[in-house]
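Worksheet for the structure shown next.
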Amino acid sequence: MTFDCTVRSCTVSSLNPLRTYQTMVTMRIYEEAVGAAVETGEVHGEMHLGIGQEAVAAALAAALRPEDAIVSTHRPHLHALAHGVDPVAMLAELLERDGLSRGKGGHMHLFAPERNFMCTGIVGAGAPIAAGYALALRGTGAVAVAVAGDGAMNQGAVLETLNLAALWNLPMVFLVEDNGYGISVRREDASAGVLAERGGSFGIPGATCDGTDPQAVLDALEPAFARARGGEGPAVVVAEVYRFRGHYEGDADQYRSPEEKASWMGEDRDPVHRQRALLVAQGTDASDIEAAETAAAATVGGWLAAARALPMPDPARVREDVIA
Amino acid sequence: MSTSTKVAPFGSQIVAETLLEAMTEDERIIVLGEDVARLGGVFGATRKLHAQFGSERVLDTPISETAFIGAAIGAAQAGLRPVVELMFVDFLGVCFDQIVNQMAKHRYMSGGRVTVPLVLRTAVGCIGAAAQHSQVLSASFAHIPGLKVAFPASPGDLRGLLLTALADPDPVVFLEHKWLLKTRADSQPWHEDEPLAVEPVEFGRLRRLRDGGDITIVAAGYMVQLAYLAAQELAGEGIEAGVIDLRTLVPLDREGLVHEAASAPTLLVVDDDYADYGMSGEIIASIAEALGPEAPRMRRHAVDVPIPANKALEELVVPSPTSIAEAARAALGCG
Amino acid sequence: MTFDCTVRSCTVSSLNPLRTYQTMVTMRIYEEAVGAAVETGEVHGEMHLGIGQEAVAAALAAALRPEDAIVSTHRPHLHALAHGVDPVAMLAELLERDGLSRGKGGHMHLFAPERNFMCTGIVGAGAPIAAGYALALRGTGAVAVAVAGDGAMNQGAVLETLNLAALWNLPMVFLVEDNGYGISVRREDASAGVLAERGGSFGIPGATCDGTDPQAVLDALEPAFARARGGEGPAVVVAEVYRFRGHYEGDADQYRSPEEKASWMGEDRDPVHRQRALLVAQGTDASDIEAAETAAAATVGGWLAAARALPMPDPARVREDVIA
Amino acid sequence: MSTSTKVAPFGSQIVAETLLEAMTEDERIIVLGEDVARLGGVFGATRKLHAQFGSERVLDTPISETAFIGAAIGAAQAGLRPVVELMFVDFLGVCFDQIVNQMAKHRYMSGGRVTVPLVLRTAVGCIGAAAQHSQVLSASFAHIPGLKVAFPASPGDLRGLLLTALADPDPVVFLEHKWLLKTRADSQPWHEDEPLAVEPVEFGRLRRLRDGGDITIVAAGYMVQLAYLAAQELAGEGIEAGVIDLRTLVPLDREGLVHEAASAPTLLVVDDDYADYGMSGEIIASIAEALGPEAPRMRRHAVDVPIPANKALEELVVPSPTSIAEAARAALGCG
């Protein structure tokens, strides 16, 4: 079951390729900065980066409205950026400073209530919570997005939520970032059937898209969002991507072959490079491309400086915020 | 006991009427769970709510505890005040992640930016349905920082603690003992005011229900009633037993406990949850830490095996007034 | 996705209608005896009876081999009888005597390791365990059956197990007794989509059958068992039934309309009566029918007497059997 | 410390080699869990097993803890001896029903007719990954009758207790502290024999690792090592601290504990699981019940909030040698 744009007569928007490129470069540099902070010891815990998956987040940014909710995963930064979560407060939190969560949450536990954004480090656990947002938002035109990896699609929490979302006709989009692996386990060794059809038995339509191309992702997301906003219920969108880093920073990552990595991470398929190539092919001025890159680097540089200027969390408050 | 000629309501009715009243006042309250809508709850504790408020606010759910408890969390964060029913506490295992890692931790993990104001109502205790439908598991919640745990012992507290839970900014696990739900509001062995008139009861303050110079029995939930009956039995033998109702396990009134223990020559903790690594240990340790050698002699009487199916076996395992009295005598060295 | 007998070239057996009738009557009387024991106070806990669902169990009895495993639910008696679990020891256990589990398990917790039979009172929890039996039995030609109600099909445990069973090609049959309700909640208020298609997204075929007709159930079960025995993996079989009693003995059962009850419980649809009518239509001697009924009653009467002759559990052993 | 010139193996290697040895001897042992096969476990504790025994006996699973832990139960009942890995103990919530209501209760509910011989290995403790990946939750298992809970404190016990677990007829929850997995076998602060030569270690018998006339520190798992380091620090100040390793929380060596406590003037329980309604309470209560006024002064030092992300905050919350020494001084009234 897939949704058909002609039937639904929704018009899919065209992304501005240059702005999208700048967004994607910003995301890439943001994640690289976070990775570098692991090296410097500013981050001492586990760190999962979204490098390679920027096209999905860039498309998501275009599909989301501020009042929408999104519950992300252990790999959450790009979704937060896409939804307009304060990038400095988030970066400060990632660097274990007095950030988004006062240094208590850390990178898998980002909360931005002003954007109805959160994430969780427990695989699959976000889907039911997204359903709760959807329940509360039902009828307002807002949508709740549950992000899941391919591996998460086998967790009872997600599967139960597919049923609940269909049953209650919730305004939800299940966004699956299928990077082919759950840590070391290949999708085909973990998931029977086709992920986009996981909602099928509950009557939920699904679509698969090329997750390295932001326009392709938006083409898949928009009808899903339109359905949900229009009160027609949930949809599943699977974006096929590749994670460029190990599962976490420090992962030896020997479970993926060099050939496989090369096939996904080359210039022809790296989403950032692809988007750049698109600009070049469209005849965009080299200076405009360069300006976008410079702006992205400057932006993240500024965020990083601002985040680093924030104090460390107050040790006196470590025992606060457990209960009121 | 009540002298009113009107038949007293069941505990389940008190819960339902308290919810009805609260829902009338606060539009943000929604109720969800298995069989809570059309049936009004398997124990009747949500009766009439669906008729009154309709399917937008009172939702029957699929048998998907993870999904609907998680949904209650999301809805709470989005501004609603969900009251979610886990039919029997024994089913906590299918949804414990949402309880342990989500609702309990969101406030802390967000540095206080997010609160999860929901009430997780669940039926506890043994009314005869063997090992998978008779548990209390109160300590399984109380062990996890971030959850409040209320455990009413009487019809009045069913209402008084529920009112407080409904106004609390944090997730409150509200343990409803099945016997309390199934018996009438004038059945607790001490006098209480008309339960449906009871005001909110403060969390974290124990109450002394009975004085006693020989031994003090500490309990929570329905066990408080059985302890009271045991105390009456012991009084006939000239043993004066005090009875303490903890009311909430989290926050725990350690100060009050230590105060009570300081004047008790002997103390007995009664629990229908499992003994090991549970409430009885917490109570005794809290007192031992505070009072050291000044602490009274302390003993526990709690469940130490899975609940068996056969009634006679069950009675050997679950505390009763008789077994509590016996444990008290043993603690006093006159058993 | 349904399995097609012509394609699979499996031959479905014909049940002997008279023997099947006797089995069904025996089951009916057995459950009635258990229900009566609730009245007498011999059973003090919750009791869920399978009255009305005998046709499924009778067909199951024909499909099962002694070495197969079956993990049943809170409504387990008929499946136990179908798999040859000692009816007296079970009855004794139900009557809280020194029975199958020494009086410790009770009616939702029956264990017959000699038949790889067990059940659980936690909805959905049996499916993963059945998968474990299937894993251990894989390659032997034996099958593990996971029984679920319609309501259980929304529990994460069952949904996860569908994936696992498909992925590992486990010799499993998911037998769904769809009686239209999970306690008071109607199937359509709890389950999105079609139950027999729940396995579809995992590549598991499913079939729906008339659960009031034992031959129809066997027609659906046999290809599923044949697939599993042949190493072709799991299947879902949904049998449409009605429970004639309340959810548990004592249930006021006002959530089902009198009209609905009448439509299912009349002579034309009551599986026991239907089977009798079939015999009559086939010209079976009235005396043979009567003999079967008498035999069934005598059998259960004998079992009941034998069970009641067993002692009560030994109170001295109440604290044994927790751990070794 | 070992004086051998050979580099000592990591804790994770000890687990893997012990499993390899046991699997060679006992064909019924299978290993299943997330990333246990091709990767050899996220901590490397199942390395080489898949290469050695193939996919029939070493199975990577989907991220479906309920399904595969349930499958381990069924397989155990069908005659296999599954070793199932729950990657982090923090994930217990998604599969707790299979643990609480199934594996723990089948023996009892079957009147002893069924046993569930499986080992549930899981990584516990804080190595810096915040509130959902740093928990210990040992008491959450130990509270439930029917589970055995082993909690090795040293490389030798990783092997010795695992060997016992693999031969046990009951479900054993085997808590592997991450620091123990990630550090080398000669890193514990006391001398131990070559860990890979260690024999099975009996369940339910604590061990005293250090004598001390001033205070006795009781702990389990990796906290024992930190307690030992704290004791060394205290020795420099003239405070003699004994160190007790519980080894298994279930069965708990209450007799041994009481014996140790009887000769200790002060006792400190250290736990990196949550303080409330947990192990520290159980230990203190067990001693208080048995010794009454003869009990030593008793204190606990345990985790009392969710684990924060920031390293400095984390260090304020998770016990360290320094904080243990400080707690010991406080308990002695010289803090």
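We just call them A, B, C and D in the order they show up, numbering each chain from 1.
Everything that follows uses one rule, which is that a residue touches a chain if its C-beta (ideal position, glycine included) is under 8 Å from a C-beta of that chain, and two chains touch if they have at least 3 such contacts.
All values reported here derive from a predicted model rather than from experimental measurement.
Undergrad: Looking at CA centres, what chain is most distant from chain D?
TA: C
Undergrad: Looking at C-D and B-C, which one has the bigger number of contacting C-beta pairs?
TA: More contacting C-beta pairs are found at C-D.
Undergrad: When the centre of a chain is set as the mean of its C-alpha atoms, what distance in Å lies between chain B and chain D?
TA: Computed from C-alpha means, the inter-chain centre distance equals 31 Å.
Undergrad: Compute the distance, rounded to whole Å, between the mean C-alpha positions of chain C and chain D.
TA: Once rounded, the distance between the two centres reads 41 Å.
Undergrad: Give, as an integer number of Å, the spacing between the C-alpha centres of chain C and chain B.
TA: Here chain B and chain C have centroids separated by 36 Å.
Undergrad: Starting from the mean Cα coordinates of chain A and chain C, work out the distance between those two points in Å.
TA: From the centre of chain A to the centre of chain C is 45 Å.
Undergrad: At least two partner chains per residue is the criterion; list those residues in chain C.
TA: 101, 103-106, 109, 120-122, 125, 154-157, 160, 163, 167, 189-191, 322
Undergrad: Could you pull out the residues of chain D that touch at least 2 other chains?
TA: Residues 61-62, 64, 66-67, 90-91, 93-94, 97-98, 101, 105, 108-109, 130-132, 145-146, 250, 304-306, 308 of chain D touch two or more partner chains.
Undergrad: Quick check: in the complex, which residue numbers of chain C touch chain D?
TA: Where chain C meets chain D, its residues are 69, 71, 100-106, 109, 111-113, 116, 118, 120-122, 125, 127-137, 144, 156-157, 160-161, 163-164, 167-168, 320-324.
Undergrad: Give every residue of chain B touching chain A within the complex, in rising order.
TA: 59, 61-62, 64, 66-80, 82, 97-98, 101-102, 105-115, 145-148, 168-170, 250-251
Undergrad: Under the touch definition given earlier, write down the residues of chain D that touch chain A in their complex.
TA: Interface residues on the chain D side: 34-35, 38-39, 42, 60-64, 66-67, 90-91, 93-94, 128-133, 304-306, 308-313, 316-317.
Undergrad: In the complex of these two chains, what residues of chain B are touching chain D?
TA: 66, 90-101, 104-105, 108-109, 130-132, 139-140, 142-146, 249-250, 252, 274, 276-289, 292-293, 295, 297-300, 304-306, 308
Undergrad: Which of the residues in chain A end up touching chain C in this complex?
TA: Counting only chain A, the residues touching chain C are 154-157, 159-160, 162-163, 166-167, 189-194, 197-204.
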